[in-house]
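Take a look at these structures.
Next come two complexes built around subunit A: one with subunit B, the other with subunit C.
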Partner chain A sequence: MAALVTVVLPGDEIPRSSLPTPTGKKKTLTLGPGLRHIPPDTITTTIAGALTTDNKKNAIWVDTNSGRYIPAVGDLVIATIQNSVFESFNCLLTPNTPFASLPQLAFEGATRKTRPVLAPHSLVYARVVSNGQHTSPEITCVDPSTGKSEGLGPLKSGMIFNVSLGMARRLLLKSKGEVIVLELIGAKVGFEITVGRNGIVHVDGANVKTILAVGRAIQEVDEQALGEKGQKKLAERVLKSL
Partner chain B sequence: MPREVEISIIEREFIQNALQEGIRRDGREFDAFRPLELNFGDEYGVADVQLGKTRVIVRISVDVVAPPPERKFDGVFQIVTEFSPMASPAFEVGRPTDAEVILSRVLEKAIRRSNALDTESLCIIAGLKCFALRADVHIVDHDGGLIDASCIAVMAALQHFRRPDVIVEGEKATVLSTRERDPIPLSILHQPLSVTFSYYEEGNLFLVDADLAEEQVRQGEIIITMNRHGEICQVNKYGGAPVEPLDLLNLNNVALQKVKDISKFIQQKLDEDAKKRDAGGLMAELSAENAR
Partner chain C sequence: MHPTTQLSPLHRADGSATYTSNGYTIIGAVNGPIEVQRRDELPTEATLEVNVRPAVGVGSPRERHLETLLHGALRSVVLTESLPRSLVQITLQVSGMPSEEGDCGVSSSLSILPHLLHTALLALLSASIPLSTILTAALVVIPSSSSTPLVSPTANQLLRAKPIRSAHVFAFSGDGSLLMNESDGVFSLQEWDEAVEATEEVCCKEEGGVGLSEGMEVDGREGGSLDTWLREVVRGKVNWEMRWKTAR
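Entry: the complex of A and B
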């Protein structure tokens, strides 16, 4: 993350000075969500948020905590199976949006003879493959190039917790987006989390108490916007209660 | 018809397992309400209740109409519920869901038919003119416990509301504006409040104020409406697994305690609001001095 945060509003022009200075091999500038290129060389914003740059990847985007999840290709999501139609499952990414389709063959080792049987309202961890403007999004539980699941597939036990979209994105970042509470708790008790970009976190652990403690800790960090100090205090409190 | 989005299988199993171990999803006690908040609007008769994430706004309005011929000495009082599609994807305008029908029936029984409001006091001239009071219940956010929250909101709004004063001369009635004469509070006979109990494990486990996920897992619910003197207005049980009679008596005791607490809370909020509105009497209001 950039040390200095600039807040932008929709329609702002991005000055040349705030563009990233490429340090990696990539020379072309990548525009992320919330930015728009108007030829020849104007870049304007379409949403409000914090302007973020990544010098290594030569990328620039607007970081915002939006309320509605819009599927983007490559996103990891936790989807709820609603029903099975013809050769695919209808899934919900959020309760308020139309179904996403998950082909029955998009599972590891699935063939026409051995299809996965998933009951309605079961959960799957999946990746968004396509999302056209006028078509429903398609998701998959298998990496198309290797045919392996790569960790995707049905979620069996545990519990899910709703978090904000910004929090889900932070958890998925390599640096964990400054969420240290999980590491602090994880040093003492074992648990497993799965994060969907659609604002759902799945937690699995040894017992009910652990799962609830971890899930609620994540929600608390999200709702109260806890910093490093607050998270340390929270982790201590959680560990004491376990 | 849009249906309530059901929770997933693993959530259902987890909530049941946790309840068996005596743990609720949000760490509450079995007989605890979620944090309750109550705010009043700038106008009289607007109450905004937040019960956890559930939010209900009630607005009371008044009009002068001719009373129905069969009830000449009564005013008119009606409660109208409206579920905003903003609250839940399952709600749609013009198509009441089961929850909406049950809510309006329960409110009707709890508040209107238990005579919480003295409708005779709304009569202006017998057979000719009366006040028509209308309580609009807006569900703005839905996370379970709608009945309890709505009941609190309606009762708080009724107690907060002030109707304009009237002068009757023969057959002529003049409604005075709030500037001419201070508006009058409604005459409320008692304050019924509802407590919903959700039960699990064939009626062996009772929860107070279940949230939306817990509501979806429950085997049935019992709605008890009573006032703080322990007078029961209704006991409702819409199907579900059978319950021991003795449990029902225990629930009444729990409900009474909850109703007492909530009544006290509403009264405290009303007092705070009254203090805020009190400008220091008529003389202070008429004074030309201002705080410059």
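Entry: the complex of A and C
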């Protein structure tokens, strides 16, 4: 990122010149997090961060890595089951927030006769279907159009590690997120990670030592903002310890 | 001198800030949006809860008074409508006060108010709570001996300027409109006007070069207004968050 970042504070008006110039087919402007539209044509910021634009998607948003996770439709999250009420599970996405509801039939192959039984504190990988400004958020473990799980569902063994929201986004970006430490470790030992947008990473592996090493490595990359060289060094250290 | 500050020092809170200025040290923490108790729930907007904890002892009516003042000012800054039925909890712990604080002749709830406001704002920024604008505040005192107002004086300056005729706290929004005013003492309307003008120069961003050079000459303040200072703080935060992009 050689380009100079535009730092914005809440209440700053976005000048017309900073808006993205559409290059793709999409002509309507998309406002991402941290921006609000005051009719007729004023756009102001609501949070502090770096102003980021994407010309291809014709989108503009404020990039920041702080604060609490706020559910958005389509986000993949790791939820903790709290209890089961009537026909749905109550789940927690972040501590001290209202429960998200996960219908018991929103699992692959679930029918009224065969429902999944999930104990309190078990984990599920789910997608947010409604973010519930006025109701509690709703999540699901199936793709509603196909009825397949598409990788969603209960997470059986393994451990969870907390990372920053920005790190979770980076991990979900795959190669663009520049987290190469996982590939380097993955070349030697097998493990499986699941990333929730709510800042939770679930790691599963052959033994506890591997799981801990991978989880700690992800947290270290997050906290120290390691670049390519630092991540290579970290991966070497981790592999030596295993 | 501009305040020194650090964003997000507490890793358990959603947002936090430490703030040191003129001998006052305050730690602020913000949690939100979180679940609100049923009796505090507002159907269309977020509930704001402000807690002020004193440096020594337990809270007293003075802290309750400060909380009320802060609540009123911050309610107009936080975009409460965008987070309906939730709670934004702001806790401000005073951890250090100047030793001359007790006998400098200004009501202690006035002298600490701008610092509490700044800490609360920084913690809110750190927590990424949607805000409609930013806020800057300063204390102005008018001593009996002269009519020139003293803007954001240190406790030592206050002690030397005694007796003090009136003290004011003004808070400005990002676009330079007056958000809050608390005044104490005897003053004329003209003096009040002068006090507002003097504070505006310190708080708001400069229109053109004149304000900047004046501010630097009069008070030896580096880097101009509080608005510029706030922008620098946020630039530091953004650079810190983006450092993985440039790291090797």
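Please note the rule applied: the second predicted complex is superposed on the first by the 235 of 242 C-alpha atoms of A that agree within 3 Å, B and C clash if a C-alpha of one lies under 4 Å from a C-alpha of the other, contacts with A are read in each partner's own complex, and residues count from 1 in each chain.
Simple rule for what comes next: a residue touches a chain if its C-beta (ideal position, glycine included) is under 8 Å from a C-beta of that chain, and two chains touch if they have at least 3 such contacts.
Model, not experiment: these values are computed from the prediction.
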Ask   = With both structures lined up on subunit A, is it a clash or a fit for subunit B and subunit C?
value = fit
Query = First (subunit B), second (subunit C), both or neither: which does A:N96 touch?
reply = both
Key: First, second, both or neither for A:E228, with subunit B first and subunit C second   = second
First, second, both or neither for A:T46, with subunit B first and subunit C second = second
Task = Identify which of subunit B and subunit C touches the larger number of residues of subunit A.
result = C
Ask   = Once the shared chain is lined up, is A:R237 touching subunit B (first), subunit C (second), both, or neither of them?
value = neither
Ask   = Looking at the overlay, what does A:K188 touch: subunit B (first), subunit C (second), both, or neither?
value = neither
Inquiry  = So if I take every C-alpha atom in subunit B and every one in subunit C after superposing, what is the smallest distance between them in Å?
reply    = 6
Query = Residues on subunit A in contact with subunit B in one complex and with subunit C in the other?
reply = 96
Ask   = Can you list the subunit B residues touching subunit A in their complex?
value = 5-14, 17-18, 21, 23, 25-27, 89
Inquiry  = For the complex, give me every residue of subunit A touching subunit B.
reply    = 80, 92, 95-96, 119, 121-123, 155-160, 208-209, 211-212, 216
Query = Which of the residues in subunit C come into contact with subunit A in the complex?
reply = 8, 14-15, 31-35, 79, 82, 84-86, 125-134, 173-175, 230-231, 234-235, 237-239, 241-248
Inquiry  = Touching residues of subunit A toward subunit C in the complex: what are they?
reply    = 1, 5, 7, 9-12, 34, 36, 44, 46-50, 63-68, 70, 96-98, 133-134, 166, 170, 178, 221, 225-230
